[in-house]
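Sharing a structure here in C-alpha cells format.
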Amino acid sequence: MTEETKPFEPVIIGFTCNWCSYRAADMAGTARIKYAPNIRLIRLMCSGRLDPTFVFKAFAGGADAVLISGCHPGDCHYVEQNYKAMRRFHLLKRVLVQMGIEPGRLKLLWASAAEGAIFAAEINKFVEEVRALGPLNWAKPGELVSTPIMEEVTA
Amino acid sequence: MSKPKFAMYWAASCGGCEIAVLNIHEKILDVDANFDVAFWPVAMDAKYKDVEAMEDGSILLTLWNGGIRNDENEHIAHLLRKKSKILVAFGSCACEGCIPGLANFSPVNEIVDTAFSTITTDNPDNIRPQSSFAMPEGNITIPTLYPVLRTLDQVEDVDYYMPGCPPESHQIAAVIDLVIQVLQGKAELPPKGATIGAGNSTVCDECPRKRNVKTIKEFGRIQLTHADPELCLLEQGIPCNGPATRSGCNARCATVGAQCIGCYGPAEGVVDYGARLISAFASVIDSNKPDEIDKILDGLVDPAGQFYRFNLAGSLLRSSKSAQKG
Amino acid sequence: MKQYAYYPGCSLESLGKSYHLSAMEVSKALGVELKEIEDWNCCGATAYFPVDEFLAYTLTARNLAKAEKTGLDFVAPCSACYKNAFFTNKYIQHDADLADHINYALEVDDLHVSGTSRVRHLIDIFINDVGLEEIKTKVTNPLKDLRVAPYYGCQILRPRKEHEDVENPQYFENLLSTLGAEPVNYSSKARCCGGSLIITNRKAALDMVRILLQDAVNHDADVIATTCPMCNVNLEVYQAQVNREFGTQYAIPVMYFTQLMGLSFGIVPGHLGIGKQQVSSESMLAIAQNTK
Amino acid sequence: MTERIGVYICHCGTNIAGVVDVANVSKWAGEKLADQGVVISRDYKFMCSSLGQELIQKDIKEQNLNRVVVAACSPHLHEKTFRNACKGADLNPYLCELVSIREQDSWVHTDKAAATFKAKAIVSGGVSRVVHNEELTPLKVPIHPATLVVGGGIAGIQAALEIADAGFHVYLVEREPSIGGHMAQFDKTFPTLDCSACILTPKMVDVGNHPNITLLTWSEVQKVDGYVGNFAVTIKKKPRYIKIEDCTGCGICWEKCPKKVLDTVFEAGMGNRKAVYVPFPQAVPKYPVIDDVNCTYFLKGTCKACEKFCPTNAIDFKQEAEVITVEVGNIILATGYDLFDARRIPQYGYARFANVYTNLEFERLCNAAGPTGGNIVLRDGKTVPKTVGIVHCVGSRDKNYNAYCSAICCMQGLKFAHLVHERTGAEVYNFYIDIRTPSKGYEEFYNRLLEEGTRFVRGKVAEVSDFARVPEEEGKLVIQVEDTLIGKQRRIPVDMVILSSGLQSRHDSKDVAKLFGISCSADNWFIERHPKLDPVATMTEGVFIAGCVQGPKDIPASVAQGAAAAARVLGKIQQKEIALEPVRATINADQCSGCRICNNMCPFNAILFHENEMVSEVNPALCQGCGTCIAGCPAGAISGTGFSNDQILSQIDGLLLLNILKAAVPVES
C-alpha cells in the first residue's frame, strides 16, 4: 500500500497510573481482550504526576492524541490526587483548544484495576474518534521555516 | 591593543531592550571605555557589508534582541553568530518570543490583513507589501515574513540568555560589570547556555506579599477586584504568574499591586513555562466536581494568553495549528 | 399578595365544594390569591392514565400550559390532580420526545407547555410559602383540646416527590399544632383510603376505610383532617356504609385541613362549608369553639 | 559516563514471539538505537528464567553494561526479578527498566506487523527512558519498638496483648472510661453461647495489669506527627476528677452519689448510672469518672457527696485535662463501629412504640448484669412477652440506608431467638431476607434454632404498627410482612419487636481517618491495603486496622484481625528498620520560592513549609511518591526519583521515534 491509500493510523500516547489504569491494561492483556495497536502507554505512579508538559511534548513530538487515565474519583491510591489530574485536564483542554488542537485529541479516562474490558473498549472508541479527526501533524521546528507567498494586490 | 568589539542587534522586537541598555546611566561609559562598538544599528550607522567584511569571531560580545520573524532576521542571526565570540539572547523576544511571539496564534496572512486591511490602516486600494517588486531601476525587495516567529536559539547557537521585557537595568549593569571583570581576568564566564542577569528561583522569592496555603474558589481580574495589598495575589484569585516566573526583577509588578505577567520567563530547567502555570493553577482549584471546576476556570478569560504571553514561541508547541499552516 | 394559578379540579365543584369554600376563605385571610385557571379541564384522574397514558399526559399538560402562560405556580388542592400534574410536568421536563408530541397536540389550542411552572399542593403553599409563623398570627380561636388525626393519604406523598420523609412526614402535624390543635400520632396517617376501589371493589375499600377510622378512634381523635377530596369522601361519606358493613358505630367528623384552619381563624363554620357533612360535626365544633 | 545499554527481548515462549517478531525487534534495537547507547540487543525464550537472568548478568560483566532494558511482561509481574538480576551483577537495580510487550502488545493485538512495530516503539521508549534512570537505594527508617493501639474493644485488646506479651510496649487509648467495647455489653456470644463477660473480663484484667501496656482510658488521640517507625502521637487525657493513685475503686462514691443519669452508652438507655460512675462492675481500670456535664457540683457548685464519703480523699474537682505525647513506631486502629439508628426507619416504630427494641437494648435487657437482671420483660418492667418478632437487616442490605450486609445480625437474631425461647418460652418469629451463617458452628446453630421451633418468615418487614384490624391484634404490635415463601401478605401480632440494627462506621470515622492519614470507603469503613492479600495494613506505612473499623464482622473475626495486625507490627519491630521504595519527591531549596502552591497538594502531609526560610520541604519518609507535587510545582523546583521529568519526556520521545512513519503498519523494518 502506498502512503496515500493507507488508512490513517493515529499514534496515541497514553498515561496510566501505576495502581488502577495500568493494571486495567494488564487485566486487558491477561484476559486477551483485543484493542487497536495505536496506543502506547507510559506508566506514572499516579495520574496526579501527569504534568501538562508531557501532553505538549507528545503533541509536539508527533502524537495525534493523548490519553490520561487514572483511578476512579474517590478510589485514588493516593487518596485524592486524581482530582488534581482532573482539574489540570480541564484547564489543559482549554489551552489546547486555543492552540488549535481539537478537544477530542485529549481524553481523560477513569479505569479501575478490574476494568480491563472497559479500558480496551474506551481505547478502541478513542482511536476511532481520533481517526475521524485525522492526523495532527504538528509542525517540527524545521518545517516552520517555509516562506509563504503573500498574494500580490496592486492598485 | 585595541578594545574588544561590542555589537547589539534589534530583530523582531520593540526596541525597549536598546533603551534599557542606554538606561544604565553612567555605566554606559564603562561600555564605551572597555569596548569598541562595532555594530549597533540603533546607536550608530553601520552597513551589513561592514559586518560581513569582519573576521569571524572578531566581535567579542553581541547582545541580540528580538525574535526571528523574517528572512532578514535569520540572515543577520547567522551572520552575527559567525562574527561573534559570545552571542547573548538579550531580552524576552530573543529568549522566548515575547509579545511578537503572540503572533504565533494567527496565520501570517491574518497578521498582514490586520496590519493593512483593518480600520486602523488607511489603505483604500488594499495595497499589500510584496517581498519583491520590479521597478525600472530594478527589483526592490523587502524581507519576507515567515509563518511563525522563532526564538534566537531556534535558528542559531546561543551562548547566554538574558531574560526580561526588557531586562532590568540593574541586571544589565551587573552583566556588563561581569564581562569587564572577565576581560580584566578577575572573573570567570558562566558555563555556556547559562541564563545571566537573573535569579534562579521565581518571582515569589522576591515578593514581599504574605503567603498561605492556597485554595482558589474563583479567579478574578485585578481591575475588578479590591486586592488586599499585603496578601499573595494568587490566593486572592488574581492570576499572578509570579510562582512560575524567573526571579531577578525584584517582583516589580507584585510590589506595586499588579500581578506578574511573566516577562522573565521560566525558571531554571523548566521545559514549558505555560505548562507549569496550568498545572499549578489547576492544582489549587478548590473543587472536585467537573462542572464546578469549569465554572471556576471561566474566570480565566484567556488561558493561553495568560500562560504564554511571553513564552509562546519558546514553548513546546511554539505556535497554534492555524499559524503553522501559514 | 401571593398569587397562584389555581386548579380546583372537578371534585371541588361538586362533592368537595366545602374544600373549595374553605380554601378560598383561608387564602383570603392569609393574603394568598388563588387565580383559577381559565377553561381548565379534567386532570385525567386515576382512570385515564391506564387507558391511554399519552392522551392523559396531554390532558393534564393543557392545564399546565395555561398555568405557564400566567408564570405562576400551579396549585392543586386535590391530591390526585396534584400528583397527575406533578408527574406530567416532570416528564415534560425530562422527556423531550413526549414534550414534542404533547405540544403538537396542544397547537390546536395555540398552547405550548415547557414544564417551567412549579406544581404545588395547597397545603404546601400554606406551610412553605406563607409559613407557620404567619399562620400563627391569624389564629384567633386556637383549636384547644381538639384531637385531630392528620390524614395525609397516599397521593400527596407517594410516589415520592421532592418531599420530606414519605414514611413519617410531620408537616401536617406541625400545621395542626400551629392551629392550637392536638395532632394524634397514629400508624395509618399515610395509608391508602381505598381510593377509587370504592367503585370497583367496595367491600375491600370499605375495609380499608374502616382501618383508618378505627385507628383514629383508637387514638381518641375528635376529627380526621384530610388534604384530598377523594380521601375525604371515602372517609366521611362512606362511614355509614362502613358501619352497615361491619356493624360498627363510627361517627367521627372528617374535615379538610382548610376548614380547621378557617375555624382557628375565627371564620364562621357556614362560610367554610361546615354543617353540610353527613357525619355531624357538632361534637367537633363544640371543642373547636370551646363551647363544650 | 557514556551509556552502555543492553536490550533483552523476551519471547515468553510463544506468548510474545507468537505475535511479535522478536528477532526483528532485537535486531532493530541493536542497529537503530545504537546511537542512544545500545551496545547489545538479544532476544531469548524466557528472560525471567534463571538462564535468561544469567544472560543479562553475563553481559553486564563482560560488556560492562551500565543500563538494562528488558522487554517482556508487565513490571507488576517481573520488575523485581530483573532488578534483582542486575543487583546480582553489581548493577544498581534501578538502572534496569522493564517494558511490557506482552500484556500491552502481544496479548492484545492480532496484527503481527503492527504489534512488532509497537514493540519497537515500546523498546525505544524504554531505552530513551533508562538513559535517565539514576542509581537509587531504598530509604531505611528505624522502627520505634513501641506501638499505639486506638480502641479498647476486643480487637484492640487482642492486638495490645499480643504485642505486649511479645515483650514490646503498647499504649492503648480508649475514649470511654473503661475498655471492653461493645463485647462487654453483650450477654451471650454466638454460636457457643458462652457468657460474653466471662471470656472478655480476664483479657481486660490482663490488659490492666500488663507491665508492657500503658492504658489510657477516658482519652483521645488529638494529633499524629511523623511517619512509619517514628510517630509522635499527642493524646488528650480527659479529667476523671479522681486521683487514681489514691483511688481504690471501692465504689463508695457512686453508692453515695445522689445524681442519677440515664446511661445511653453502656446501658444503651435501658438503665441509669450515677454522675460518678464506672460503666460496669468489671470495668478496667477500676477507677470511676465524674461526668462533669451531669454532676451536681459542676452544675450548681454544691454537693461534693463523693468527696465527703471517699475514704481515701481521691476526689479532685480541680483536675484538668492532660495532654501527653508518646513515641511509637506503628499504630493499630481498632475503633469499632456505631449501631445503625433505627429511628431512621419510622415505619418500624422504634422510639414510637415502647416495646420496639434495638439489638443493643435487648442485649442489655437479657444481660444478667443488665437493668432487669436478665429478665426479658416489656418496658413496663413486669410483663413477659408471649410472642417476639425479630426483624433482620434493619438498615442493612437496603439501598435507602446501608447497601451492605452487616454480617453479624443473622447470628445475633438467632441468638436472641434462642435466649427469648429459653427464658420466656415465648413464640419467636425471625423476619429475614436471607439467613447467612457462613462460619464454624453457625449453620449448626441455625439448625438448632429450627429444631427449637423458632419461626422464620422470609420477607422484608413493611411496617410495625399498633393498629389492630382483628381482635387478636388488640394491644399488640402488628408486623406487616410479605411472606415470600408462600407469596402472601401476613400480619403477625407480637408483644415485643427486636430490630437487628446493622453496623455502621463510627460517626467520626472520616476525621479519624484524616488524623491518621488513611482513607475511607464510600461507607466510611477504613480501607485496607488489599481486600484479600493485605486486610489489616493500610496504604499508609505503619498504620494498621483491626476489627469492625475495617467493615462489619463478628467477634472471632475481630480477634483474628487484632492478632493479625499485632503480628504485622511485631514483624516490623523485629526488622528494627524498614526500607521504603526510593520513589520520592525532593524540593530544591535554592529554586523553591516558597509560593506554597504545593503545600496542600499532599494527602500524606509530607510537605512542610519553613516559615523563616520561606521554602517548602518534602519529608522523604512520609512521601509516597505519587509525584503530584512534582507536576504541580510552578518553579519546577520539585524533582522525583524513579519517574523524573527527564525519564518521562525521553520516554515520550522514544515512543514517538518511529511515528514519522504515520502508521501502526511499519513501512521500514
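Going in written order, the chains are labelled A, B, C and D, and every chain counts its residues from 1.
Heads up, the rule we're going with is that a contact is a pair of C-beta atoms (placed from the backbone, for glycine too) under 8 Å apart; a residue touches a chain by one contact, two chains touch by 3 or more.
Given the structure is predicted, the values throughout are model-derived calculations rather than measurements.
Here B-D and A-B were compared by C-beta pairs in contact; the pair with more is A-B. Distance from each chain's C-alpha mean to the overall C-alpha mean is smallest for D.
Between chain B and chain D, the centres computed from C-alpha atoms are 54 Å apart.
Centre-to-centre separation of chain A and chain B, using mean CA positions: 31 Å. As a whole-number value, the distance joining the C-alpha centres of chain C and chain D reads 51 Å. Averaged C-alpha coordinates give centres for chain A and chain D that are 36 Å from one another.
For chain A, the set of residues touching two or more other chains reads 51-53, 57, 80, 84, 88.
Of all residues in chain D, those touching 2 or more other chains are 601, 628, 631-632, 645, 649, listed in ascending order. Contact with two or more other chains is made by residues 271, 276, 279, 283 of chain B. Every residue of chain C that touches chain D in the complex is listed here, in rising order: 165, 167-168, 185-188, 211, 214-215, 218.
Interface of chain D with chain C (complex): residues 345-347, 349, 352, 463, 465-469.
Remark: chain A residues 1, 3, 6, 8-9, 11, 13, 22-23, 25-26, 28-30, 32-38, 40-46, 48-54, 57-58, 61-63, 74, 77-81, 84, 88, 120, 135, 137 touch chain D in the complex.
Against chain B, in their complex, chain A makes its touches with residues 51-53, 55-57, 59-60, 73, 80, 83-84, 86-88, 90-92, 94-95, 98-101, 136, 138-139, 141, 143-148, 150-155.
Contact residues of chain D toward chain A in the complex are 74-76, 100, 102-105, 107-111, 114-115, 117-118, 121-122, 125, 519, 522, 539, 583, 601, 603-604, 624-628, 630-632, 640, 642-643, 645, 648-649, 651-653, 655-656, 659-660, 662-665, 667.
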